[in-house]
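Sharing a structure here in structure tokens format.
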Amino acid sequence: MTKKPASPPADDAVVVRDLLKVFNRGKPNQVDALVDVQLTVRRGEFVSLIGPSGCGKSTLLRLIADLIQPTQGSVIVNGKPAHQARLDQDYGMAFQQSGLFEWRTVARNIELPLELKGWDKTRRRARSREMLELVKLPDFAGHMPWQLSGGMQQRVAIARALAAHPPLLLMDEPFGALDEMTREHMQAELLRICSETGTTVVFVTHSIPEAVYLADRVVVMSPRPGRITRIVEVGMGRDRTELTREATDFFDRVTDVREALRGAELGAQARGIEDR
Amino acid sequence: MTEAVTVKRSVRLRRALMYPLSFVLVACAWELYKWLGPPAGGKVLGMRLLARTNDRAMPHTWKMIERLAHPEVRGRSDAIWLVVSRATWYSFRVALAAFVIGVLLGLVLAVVMVRFKTAERALMPYLAISQTVPIIVLAPLLATLIININKGLVDTKWLPVMVLGVFLAFFPVAVSALKGLQSTNAASLELMDSYAAGWWKTLFKLRFPAAVPYLTPALRLAGASAVVGVVVGEISTGLRTGVGRLVLSYGQDATSDPPKLYTAVFGAAALGLVMSALVVALDKLLRRNLPPEPV
Amino acid sequence: MSTPDAAPGGVARVRRQVGLALPPVALGVAFVAAWQAWVTVRDIQPFVIPAPSKIWQSFTSDFGLVRAASVVTGTNALIGLLIGSLLGFAVAVVTNRFALVSEVVNPLAVTVAAIPAVVIVGVLNNMYALDSQVARRIMTTIAVFFVVFVQVSKGLRQNNPTHLELMRSYAASPRQVLTKVRLPNALSYFFTGVRTAAPLALIISLVSEYFGGPQNGLGTKIASTLSGSNKALGFAYVLGGSIVGLLFYLGSSLLEYVAVPWQRRRESR
């Protein structure tokens, strides 16, 4: 689907080839979650995955994370098989639920992945302080998660995902549970953090403006069976501000994505009718 | 979906099989300890923690079963299982009455507390405290009190015992029902308001159904509590007809007839199990339209 | 907050708290007053129902007796609560690794919760010397064990799915998942279990005394005095038992509050 010819793997953060994922294969409740997926995410790129529920966008993210295994096809992360990338901690992950451990302080939540890697305490402390600066919560190291607002909890989750300085960040609707104001603020913060750290991001969302505002490319997916129908190049550069949300370019891209989604939906319906 | 259901069925079957198996294992552990342990008991760290294993303290499990077929006292014609069953049946009826009255009382109290905020404020602290203080010891007092009020008008020997069961059963129901009745969200209440539904209509159409999931654990607790209340009540008031009293009096025969006590213990256990089966059935009936609970 | 705001705010808060406290206090006072009045006006004999004033008199003058009996029963309950809780936790953690074992223990836990388990003390009394408290303590331990076991097992199983997914993304070993996710989660369930089991421990210890054995505990004292003529002393013992019960509850709640402060938040949500 990507226009570029296959570049050397080291330049690409994620390369997905001929991917097929079937749940409950051979049983009456078989689901073709993903069919014939090709996707390349370049290093430093921000890619949004968007589509209606059941289109397999979260499944694709989990396949990249090696949380589940593909039925067929290959997933290369950071130049190595996804499984090895997971063992090497080449990515950080954030979910819709912040998933903070309620029995750990904010700092110790951020330090968890480092703890599992066997870092010593001083190094962990220094890193969690650095991460709290990055997400602008320097005074909350000793707080418990339930003492923070939803937006703050999500920042801590992002800090935790980036704590080990992974080259890749995988996000599954991380702002889905936040109100619109907080959400827009968090989007701007995420862009700032990514430009400061140079992290590659694969971002699952079901909000069109969010997908467009954040991404270099928006990957549009459709359900039954889940697959990529179009990839919209946003092409607005990386310096995005609140003004970007009001720019004509922005609305044009939003319209592009919306039409791509609508087309995908109509296509799916048409196929649904054919199937019957 | 069909897959999930069949898996669940096989799991359920295995769980059902585990039930008798776990009791067989307990019996085996009993026999194993009886075989290995010291006949006169023993000390661990200077404390007499090891149970005696002689036939008087720990009769063989098969002797307990065997005993069921013999008469209660030498010369009587009825086998002891019949005597124990009669006593258990008696206790069961008292406990059932206690359960039903206790649940109704708990529901009424919860409705009153939902209706009147002041009643909730006044009663809740006492309901909370009542969960922590041993009400059960008041049984003998209830007996004298009821005898005094009643002055022998009706046969009331079972009444204090039942009242104790009611006492223990109604607290968990009141507390959980209140929580459940208050669990309806503001939007649903406003929806009922928009239909111009009155308070009682809202209570029956909205609040009661919403309270059902909260009632489930409370009903189980109430069933068990009613049984405990009745059994302990029988023991402490000296009601001779119930199974609780049999446990105590057969225990006193333990020197001459060790297995006898166990027949009464079986009866008490059966009482509890029948009651809990009944409550589970009631629970299934109440929850028939609700999504299954996560296991 | 500036001072002019603070003063009325403070008054309002005090007034609000008085408003909250008033109904229960009023109900309590009215109940005691009605009881006192009923006994006085109807001239109820003290061996039927003693007046609250008489009970208080008895409680203060025979405080030594009440305390001695409370200590005996309270000690039994505390020992059973401690050992039962620790055993329940340990066995749940061990059996969690072997699904079959917990499937065997679970029916027993269900049964013990459903039957009047305290009759088992009648059996235990035959197995131990009748002049010791061992049988009662073991009975209490058994009752507490199953409550805590069920709770901890639940805590080990019911984890936040996001936590588990995260641990998988960290390529964490099963051992790390146990120590970082399952055990901390089970810990909060453990303390809830202890709080539930604390009043139960006292009740079981009290009722265990009805089945024979040493006569120096609260249970036997209450039973003999309440069915005898010195009912005021009986009520004083009941008061003692209630105080022990409240102490147990407050102690276990405090423990939960201090040890797993996030638990309270979760329940209030």
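A, B and C label the chains in the order they appear, each numbered from 1.
Assume contacts are C-beta pairs under 8 Å (C-beta built on N, C-alpha and C of every residue); 3 or more make two chains touch, one makes a residue touch a chain.
As the structure is a computational prediction, the values presented were derived from the model and not from experiment.
Q: Hey, how far apart are subunit A and subunit C in touch steps, shortest way?
A: When the steps are counted carefully, the minimum from subunit A to subunit C is 1.
Q: Once every inter-chain C-beta contact is counted, which two chains account for the most?
A: Max contact pairs: B-C.
Q: Compare the CA centroid of subunit B with every other chain's and tell me the farthest one.
A: A
Q: Any idea which chain sits dead centre by C-alpha averages?
A: Closest chain centre to the overall C-alpha centroid: C.
Q: Where the CA atoms of subunit A average out and where those of subunit C average out, how many Å apart are those spots?
A: 48
Q: State, to the nearest whole Å, the distance from the C-alpha centre of subunit A to the C-alpha centre of subunit B.
A: Averaging C-alpha atoms per chain gives centres 53 Å apart.
Q: I'd like the Å distance between the centres of subunit B and subunit C, where a centre is the mean of that chain's Cα atoms.
A: Between these chains, centre-to-centre, one finds 18 Å.
Q: Touching subunit C in the complex: which residues of subunit A?
A: For this pair, the touching residues of subunit A are 65, 67, 86-87, 89, 91-93, 95, 97-99, 101-103, 112-113, 115-116, 144-146.
Q: Using the touch definition from the top, list the residues of subunit C that touch subunit B in their complex.
A: These residues of subunit C touch subunit B: 20, 22-24, 26-28, 48-49, 103-108, 111, 113-116, 118-120, 122-129, 132, 134, 158, 198-199, 202-203, 206-207, 210-212, 218-219, 222-223, 226-227, 231, 234, 238, 241-242, 245-246, 248-249.
Q: Give the list of subunit B residues in touch with subunit C in this complex.
A: 14-15, 18-19, 21-23, 25-26, 41, 47-49, 51-52, 56-58, 118-119, 121-126, 129, 131-134, 136-138, 140-141, 143-145, 148, 220, 223-224, 227-228, 231-232, 235-236, 244, 247-248, 250-252, 254, 258, 261-262, 264-265, 268-269, 271-273, 275-276, 294
Q: List the residues on subunit C that touch subunit A in their complex, please.
A: Those residues of subunit C that touch subunit A are 160, 162-163, 165-166, 168-172, 176, 180-181, 184-185, 187-188, 260-262, 265-266.
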